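Order of writing sets the chain letters: A, B, C and D. Residues in each chain are counted from 1.
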Amino acid sequence: MMSKKILPKTIGILTKPHRSTEVRQLLTPLLPWLAGKGLSVMLDREAILSMGPSPLSVFDREEIARSADLLIVLGGDGTILSAARIATQRQIPILGINLGTLGFLAEVPKEETFLVLDSVISGHYVAERRAMIHADLLKNGERITESHDVLNDVVINKGTTARMIEVEIYANNHFVTEMKGDGVIFSSATGSTAYSMAAGGPILHPESQGIVMTPICPHTLTQRPIVFPESVRLETLFKTADAHVMVIFDGQISVPLEKGDVLRISRSDHVTRLLVSPDRNYFEVLRDKLRWGDA
Amino acid sequence: MMSKKILPKTIGILTKPHRSTEVRQLLTPLLPWLAGKGLSVMLDREAILSMGPSPLSVFDREEIARSADLLIVLGGDGTILSAARIATQRQIPILGINLGTLGFLAEVPKEETFLVLDSVISGHYVAERRAMIHADLLKNGERITESHDVLNDVVINKGTTARMIEVEIYANNHFVTEMKGDGVIFSSATGSTAYSMAAGGPILHPESQGIVMTPICPHTLTQRPIVFPESVRLETLFKTADAHVMVIFDGQISVPLEKGDVLRISRSDHVTRLLVSPDRNYFEVLRDKLRWGDA
Amino acid sequence: MMSKKILPKTIGILTKPHRSTEVRQLLTPLLPWLAGKGLSVMLDREAILSMGPSPLSVFDREEIARSADLLIVLGGDGTILSAARIATQRQIPILGINLGTLGFLAEVPKEETFLVLDSVISGHYVAERRAMIHADLLKNGERITESHDVLNDVVINKGTTARMIEVEIYANNHFVTEMKGDGVIFSSATGSTAYSMAAGGPILHPESQGIVMTPICPHTLTQRPIVFPESVRLETLFKTADAHVMVIFDGQISVPLEKGDVLRISRSDHVTRLLVSPDRNYFEVLRDKLRWGDA
Amino acid sequence: MMSKKILPKTIGILTKPHRSTEVRQLLTPLLPWLAGKGLSVMLDREAILSMGPSPLSVFDREEIARSADLLIVLGGDGTILSAARIATQRQIPILGINLGTLGFLAEVPKEETFLVLDSVISGHYVAERRAMIHADLLKNGERITESHDVLNDVVINKGTTARMIEVEIYANNHFVTEMKGDGVIFSSATGSTAYSMAAGGPILHPESQGIVMTPICPHTLTQRPIVFPESVRLETLFKTADAHVMVIFDGQISVPLEKGDVLRISRSDHVTRLLVSPDRNYFEVLRDKLRWGDA
């Protein structure tokens, strides 16, 4: 699913923490280059910190979310997941510059930053629209206390002390199953190559709109991952008392779960628009990352 | 996905071979009952054989495919897969009466035959529209020699002597991977609980439109099942010489594969319309068949 | 591996907490019955609590470990794992009376308590010798701070906040692999049907002497469970800083792990002697617990 | 398990078919080199064929099995499996020279042939003793018609047409389970990284003495691989009629199975003595072959 051309005016720059040397090396030529193209830039706190003493202002996430029309992310897949939450409301396109090893999401190697940005601001890049997951957490199954749109996954995961947790799963108000085990993952196609895969889940091609539910170390051997259609409305009732169990949104936001809490999962009304090269090939990334076909 | 009401006039009856006693016991009261409702009946060869000497005519599959507007299938899931091919062109709805243990497709227990049929012909049943897979086999990658629409799966499987086979997979003309192993399964959502699951594939909810590709005993540990979106066009190039390898359509039609042959897979333009009770619950069947949640 | 007959004089009774009604119902006739056979009885705190006001003395775990020559365990598999640690030093035989559903270890249904005990004290029961695992935890890889003999497993498991942990595995001083993921399980044959199985590990027949290492949600798809021979000496170097990670002995004793800690695993010099009926059939338990062969 | 030094006098040379160029290039310098060391050489038919017109005599497998006290195998893992059957009776040590990519068994790269052979004939190499599997096939469960000692595995595998096969498994005369599916693999530790692994089986360290039973695409999701102790005696009753099903010994000898046939599996009294470098590290091979720890 490709959308119309991107012609940005204001660029938000979001950066991975604790990588100040690499970030500075990249920003030092990048900022004048962007200015030379007539583009405004909004830097986040980490970017400013990496630059040392500087007259540039810090912008907070809300300001960037309101004003930027392109997000450049310097980091890895984790930084992009975080950027996706900023981008959600106005569906700001995201370009991921990779500071380390190739990621599934941060696909541009830092050496190619200027080459790629040149293409992007001349409108030669297109945005892939990636399905997101919407999650609501209801305390005692009643009042929504958390509400997130995530790009990868929502995970219920037992802590170190709990021996096993217990949830009931409902789909479109039908009882699906009771699960006992370490937890359960609700993943988008994009997230299917992340934690869900480590737990034994299938790969979903990025254009797949479905939601995969992958049990983590299930007590019952027959509980296989299930791929639900995009129209599904899932509810998970948490049944274990006195456990240190968390629901974790995109691996970044953790909220404790209590007995009686309900987690609602559905496809988000929003998408993440990832800027990708017209030459990009998903299967090359997959082969490279998973070492497919080797040996 | 539910479609409009079924109000049949001519009923085709398709039966599982080698079950003549059970078939006769069911047909003996069923035929006068259907006649009493003013319905015409077309019996297949197996049905006639089970009845013993009788004035009734045999209808062949082509005649039934042309004229019936409801198929009653006496048998199990295999008999329904076979009926699905007859039903394809005119999308005749199918009602599966189960002669043995509960099936994923043949859901009506034989004891409830009359109760259910009464509902069906009064229009109280609805047809679930199940996605099918279209497969073309091209000799030397050129001339289509086989073309099938299947409800469950298309399988490439090595024979007993071959040690390992080798295929190349392409999706929308992009190279995906080379697979070495016992073979590969292309399955619809409906087929996901059959052979694909035994080979380690995920469950796809029946409303899922995607196609799952599941490797069989892959040589490379990283080759996980992939779920493709419904728009995918897959091509599999068969690369092994001198092997007794078959491509098998819905477990019923086997065609030998030769080096250079290409198997094309896409979503079918047709669907299978399965009659299901309004009270039916897919997850109950799943729990019952897979023994979910037990132990 | 069967050992010589059991002819006990002093019986320790260990009981599952929070099951006082069932425990009392069983102890009320059991205590006079054992006295009638001329046997001394040592009750643990939970047993005494369940009996209500009573002249009986509580014995602590150390006293029972020193004096009992048979342990009767009222509870489930967890209670037996706990009893196995008491029994280790003197290899006291254990008889598990099941208060709930059939366990892998607690195999006697409570209805059969007296029938079975009669057989046991007449020497008609035999003790299966189950291999145990010895584990040492070395702070900074130097000083042993924890040392346990366990019947089931030793588990390194990430907490809810940590995204992934990293360990290096050595076998007999050879580097085996680096693992990234949720953790790793070292399991005996007895423990192979518990947590290791939920994480994808194989079943080890109870007479198998090997140790199975099962990764939990490994980041690298190729990291399969490995079965090591009984002679193996495994070392796991924990490499992640600032994580809430635990090493857990038999699911009951949790100790925090720090970067640089080393976990040493080898076969224990001790065994657990489980009393089993001469008619017992391991595969029946396996079929019953795993629902093998059904569906 | 390492055994005493190897000091050979008569060397059998076994070669992979259809690799005449590589074999000739290696034999041309190797034969005079061995003669110069005062060693007799026995060449198999493939070796002679690869040499072109030559005064050297062909020795058949039986002659080599009777007289050689070292087998040099030019080929890959398959050629070594075949050599292992020749070596069995007199437990002749085997040195595998790899003509292609690194194998689990054929570990010496051809470039190092002379270096390694020099070490071997000076007694600096040691033989690893690898457990083998003994298999008897009984027609109608009565008369032994086939009897093999194999290094890797014994496989029951359905042909292309059969939809599913059915066997009953017994261990030490106890019923274990009924299996429906594509077949079943009985593998040694050495074979555990071959076909058994592709079917989902665990890795067994080469010093493990157990036998792993791995179902192939089992119909029942709960049928996990089981590791049996070395003392086990397994019997498999084949129950399917009219199928083209084979039992395959080490991937090389195929025998048709009929309903009522029984396959008996136990640990062999023989071992395969594989010559390995004292510097060899099993885990390096494993990491290299399985791509462990990458990505």
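Note that contacts are C-beta pairs under 8 Å (C-beta built on N, C-alpha and C of every residue); 3 or more make two chains touch, one makes a residue touch a chain.
Chain identities (UniProt): A, B, C, D = NAD kinase.
This is a predicted model, so every value here is computed, not measured.
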A-C, B-C or A-B checked against B-D; over half of contact pairs coincide for A-C
Comparing A-D with A-C, the one with more C-beta contacts is A-C
Cα centroid separation, chain C (NAD kinase) vs chain D (NAD kinase), in Å, comes to 37
Chain A (NAD kinase) and chain D (NAD kinase) have mean C-alpha positions lying a whole-number Å distance apart equal to 47
Between the Cα centroids of chain A (NAD kinase) and chain C (NAD kinase) the separation in whole angstrom comes to 40
Check: chain D (NAD kinase) positions touching at least 2 other chains come out as 197, 219, 221-222, 224, 290-291, 294-295
Residue set of chain D (NAD kinase) touching chain A (NAD kinase) in the complex reads 221-222, 224, 289-291, 294-295
The residues of chain D (NAD kinase) that touch chain C (NAD kinase) in their complex are 171, 174-178, 189, 192, 197, 201-205, 207-210, 212, 219-220, 222-229, 231-232, 281-283, 286-287, 290-295
Residue set of chain C (NAD kinase) touching chain A (NAD kinase) in the complex reads 157-161, 163, 181-182, 195, 197-200, 216-219, 221-222, 244-246, 248, 251, 254, 290-291
